[in-house]
Amino acid sequence: MPPDWLSPEEWQAVALSLKVSGWAVLCSLPLGVLTAHALARWRFPGRQALNMLVHLPLILPPVVTGYLLLLAFGRQGAIGQWLEPLGVVFAFRWTGAALAAAVMAFPLMVRAIRLSIEAVDPRLEQAAATLGASRPWVFLTVTLPLILPGVLAGSVLAFAKAMGEFGATITFVSNIPGQTQTLPSAIYTRLQVPGAEAQAGRLVLVAIGVSMAALLLSEWLARAAARRVGA
Amino acid sequence: MSLSVSIAHSLGAFRLDVAFQAPPGVTALFGPSGAGKTTVVNAVAGLLTPDAGRIEVDGTILLDRRAGIDLPPHRRRAGYVFQDARLFPHLSVRQNLLYGRWFGRGDGPGLAEIVDLLGLGALLSRRPAALSGGEAQRVALGRALLSRPRLLLMDEPMAALDRARRSEILPWFERLRDVTRIPILYVSHSAEEVARLATTVVHLDRGRVAAQNLPLDKAPGVTLRATLRDYRANVAHLDTPAGPISISAHAPPLALRLRIDAATVLVALSPPEGLLGTTVIPAVIEDVRNDLLHLRAGQALLLARRPPGPLPATGTAVHAVLTAPPRILPE
Amino acid sequence: DEVTVFAAAAMKTALDRIAADFEAETGHDVTLVLAGSNLLARQIIQGAPADIFLSASAEWMDVVEAEGMIVPGTRADLLGNALVLVSGNPDSQPVRIGPRLDLPQLLDGGRLAMALVDSVPAGQYGKAALTSLGLWDGVADHVAQADNVRAALALVSTGEAPLGVVYATDAAADPGVSVMGTFPADSHPAITYPVALLTGSDDPADRAFLDALSAPAAQQVFRDQGFTLAP
Amino acid sequence: MPPDWLSPEEWQAVALSLKVSGWAVLCSLPLGVLTAHALARWRFPGRQALNMLVHLPLILPPVVTGYLLLLAFGRQGAIGQWLEPLGVVFAFRWTGAALAAAVMAFPLMVRAIRLSIEAVDPRLEQAAATLGASRPWVFLTVTLPLILPGVLAGSVLAFAKAMGEFGATITFVSNIPGQTQTLPSAIYTRLQVPGAEAQAGRLVLVAIGVSMAALLLSEWLARAAARRVGA
Amino acid sequence: MSLSVSIAHSLGAFRLDVAFQAPPGVTALFGPSGAGKTTVVNAVAGLLTPDAGRIEVDGTILLDRRAGIDLPPHRRRAGYVFQDARLFPHLSVRQNLLYGRWFGRGDGPGLAEIVDLLGLGALLSRRPAALSGGEAQRVALGRALLSRPRLLLMDEPMAALDRARRSEILPWFERLRDVTRIPILYVSHSAEEVARLATTVVHLDRGRVAAQNLPLDKAPGVTLRATLRDYRANVAHLDTPAGPISISAHAPPLALRLRIDAATVLVALSPPEGLLGTTVIPAVIEDVRNDLLHLRAGQALLLARRPPGPLPATGTAVHAVLTAPPRILPE
């Protein structure tokens, strides 16, 4: 692949998408695991409300999610105005793109992890408790290792979604080359003008290539984890 | 140290309502399938919160429903060997064995000692999925022992083990019982195991305590108190209500109960002579019931299996021949 | 009879009213299909069941025409529009938009919200205007590109970006922004909304609606929305 | 909720979204279960390629997926031209919207089901085989009942995604009221013109309500299934 | 009907290499934990494809690696009772029991009969999660029996059962063995079970057949061929190489092998008299090895446990006293 196959701006978009998706997955993972655990195993009032909230980005048109993010995390937003003095700014930053991607991918991540947690035999967790492990330790030493394949599946789903996420991102942080122009934004832009389809196609191939690599890596890791358990 | 249990619980149509005291040593929970043995053990471990009741170990209250006390399992320090092994599939055998160590305090046997005892040396780096049924159960046993519990719960820990391995492990349990003095609640179907290990036997039946501290196994027989008269040249001479009995022993026995199984008692009409290694006790046939002869010997009752063929009348003076030395039970 | 009109989404309000009047008058049914002009153009080329195409960009009408899908002689420039500079601050003072406008100072480090400057018509016009006024280079690095005019407007009305370049029609309808000035009409190519009858849709009802669009009543509705009439 | 809270056209969009999402889930479910089973348990050449293909709609910007669908299943499309003589038409029909929703939701459905299949203890399947059950019977009588929670989770994820799917749908089948205007398209249309935000908000609430109902139903069913297994 | 097994397989460092013939009746797989018993049974069931080998039941080839034959498990019709119960958690007990019926052909016991035998009546509508360990194992047993297999594989089917339940089920297995004549491969650690049930015993040790058809259990003893001389009043008079032996029997025994455990043999210096229910056989002390007395009796060798205390010299003429009737083994 010659370097001039894509323009520097396009390479920037590729790099940015990787960064945005990677951070989105990494940062939302702990919260995703926690949420999945809460939904799978805890009983508390508001559980269904939390469940609903998690699914919301899936149900709403992405533009609406982006708009709601703008209202919440914008500079003047309900939450954003409190974060700004702390130096946490999302608007027009790659961090905002990561936030949008994380929010959009969150339901997929949580569902995958939750399914894995529900499949863990609670008798193993009981056995750990009788050996002296408190709840958090049981989680760390038994549950978490056993749900690794689900965590991986959730992460790769979330990563793929983050790589493809467009509507919420452009609405929330718009499209600033080098800062918030992700791969999908770049592709979208090129689809808007007649005749740039070939260029868009090249970017699509890059998107597929990157995600394919992530997917293969996750499958390989999952298989390694399964081997550890199975033999 | 001792364990006191008094709980009531409903599972579907099954009602459990038991109360018993377990003195130091091994308390065997004995009873038919479905009697509630596992349920009791789960309640002691804290894996099941009974509808009502109280559980106390050595002054520490593990559960008191009325007082609202219900210690979580990890704070009960009850080492539990499950009916199924429940090994952690993602950990190696070594990691499984050491799991309880991360949290455990107190003293106890070391890894090397347990690995040696249970013959796990070659398995340490394996995953549980690569173990045979008996191997897995041995690892589970080791894991519980290494967690340094203040109470051991064993739900048929040796059902999957072969005879050789069992007889290797049994003496070690005996030592554990005698040395550590932590209470052991032991569920087993094996009368032999129970007879050898149990200090106390709690018979469960359909959720109730049918009997406690009664004859150790379903195999008919009797238990006699004995006092040591003399110990010389590895032979202990005992006085029993049935008369003097001598048994070989490596040390003067301290325990003072003898178990005489009906299957080891023959009945002779005349005093048999020259029968090597037997003890002969004069007796009178008192009754024949359930294929068992009841023999009055001194102040004691002995049981013998009914021999085939015609029987002498009750009241006939006979000789009870013990074809095997009586077993010594711990007091 | 059925008339299916593929029209740029921004014309919804006006077209709703015109279509309702037309239906009441003639008894024909008008179906309004609203989306981005580029999308509609591609769908028309792929055989979408459209009778009339009302595009927000001459470029995409050209593409449809090049495919031979326009009934010859029916294409006309229906409407025009103006480009304005808007502010989210209600107290902002009107400015004269010309080469001497100090946009960077007005932005004060903030972003200038526009539609995608290389692909969406409103963005393309805006970039052309700023370039011809010699202002582009000063703000190029501060432009936040949204995927359409409405999203750009939202960035301004939520206070995310202090200023934006949008159509006069959109600015007029959004109470959250105030118009600071209008770009000189000669600073950018004429903003036109071409309309045409599509091949295979030559029944009287279609022609009747095409005519109704340029009838005085309709023109009044368009004017109310802030459109200018095509020269 | 008074019936005039939404306009008839909007009610139509709600009904259409329900129909589209329902059919999308129903029709893709068997294929989803099969694909998940293949990915989880079979070893065959091209397994990773299939895996990739399934994930593609997640990775690509929805517009691209929609455009590819249009190229493939449009009337002139590579596949569409062969289906049309058979009376199967997707382009610009609600069936196309269902196809787009199904394709976009497919990766979520497959992942959830696949995770459940991977969690089924193969020793139970072995036990069934020794009792005389052939592979398909094992699947039907043991695997399938045991993965029901995962199938439910996958279905509700897919349904939620289908309810929210916008980009691919509008690109593939456009935005024809009463035929292909789904709830997200209706919301989008209302967001394109100033002043209709309240109306859009109402539609968002309806979308949330519908999906909330589906979510609660699925949780309830999953709990019922778990109870059947657990006690 | 018979089963012939000859397989080789590697699992990690473990190498299995066994060949044996299992005639009709019960073939016990006996051996220490980890010997390879479950692996053999899995290979017969088709759950594991051995690296090499051949398995044949009654003329049907289940596996022939060289010929490329490997019947899938569901076509082998091997009813398998697993070491763990493996009940279907989503089905009720009744549905679990009837599962094999959906596919099974052939004749066999009915649901009512099995439910009755295994005492499952009260459990039929329960889910497996609501069963005790023993209850689950009984359901698994019933499920395999009801699938009408042409071959039964049992991996410690009774380890989780209490003695009462075992002794209830054992006779039924005996009947199954004698009536249906389907081969049964039976893994058990219980010498008692094996002694009672097994037609053939295959000793496995570290993946090899250590011995086949040898003494039934690790408990020492000998097996004698016997011929029926007379049967009268429920007593069978047999001729054996050790001399005449009489045993009580409900019917003239057809089998012609007697098992005499060392534990049931006493040694008397003079012919004991009046010992009820015993058989006395003149013998000569030939050797003392491993705590066992070897006694020459007629043309046969008998084993007795070494009694405590001083022993007469080898060559001394003594009397072997059988304190329990010898067990009759099926031929």
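Per-chain residue numbering starts at 1, and chain names A, B, C, D and E are given in the order in which the chains are listed.
What we mean here is this: a residue touches a chain if its C-beta (ideal position, glycine included) is under 8 Å from a C-beta of that chain, and two chains touch if they have at least 3 such contacts.
Quick caveat, the model's predicted, so the values are computed rather than measured.
Under the touch definition stated at the top, chain C and chain D share these contacting partners: A.
Rotation relating chain B to chain E, from a C-alpha superposition: 180°, rounded in steps of 5.
Summarising the inter-chain layout, the chain whose CA centre lies farthest from the centre of chain E is C.
For the pair chain B and chain E, the distance between mean C-alpha positions equals 26 Å. Chain centres here are Cα means. That of chain A falls 20 Å from that of chain D.
Chain B and chain D have Cα centroids lying 60 Å from one another. Separating the CA-averaged centres of chain B and chain C is a span of 90 Å. Chain A has residues 63, 67, 188, 191 in contact with two or more other chains. Taken residue by residue, chain B touches two or more other chains at 84, 130, whereas all remaining positions touch fewer.
Residue numbers of chain C whose C-beta contacts span two or more other chains: none are found.
Pairs of chains meeting the touch criterion are A-B, A-C, A-D, B-E, C-D, D-E.
Across the complex, chain A is touched by residues 36, 38, 41, 59-60, 62-63, 111, 113, 116, 118-120, 143-147, 151-152, 154-155, 158-160 of chain C. By the touch criterion given at the top, residues 4, 6, 9-10, 12-13, 31-35, 39-40, 42-43, 46-49, 148, 150, 153, 170, 172-174 of chain C touch chain D in their complex. Considering their complex, residues 45-47, 72-80, 82, 84, 86, 88-91, 99-100, 102-104, 127, 129-130, 143-144, 147, 153 of chain E touch chain D. Chain D makes touch with chain C in their complex at residues 67, 70-71, 74-77, 91-92, 170-171, 174-178, 188-196. Within the complex formed with chain B, the residues of chain E that make contact are 11-13, 31-34, 37-38, 83-84, 122, 126, 130-135, 138, 155-156, 159-165, 189, 191, 218, 235, 247-248, 263, 266-270, 272-278, 305-309, 311-312, 321, 323-325.
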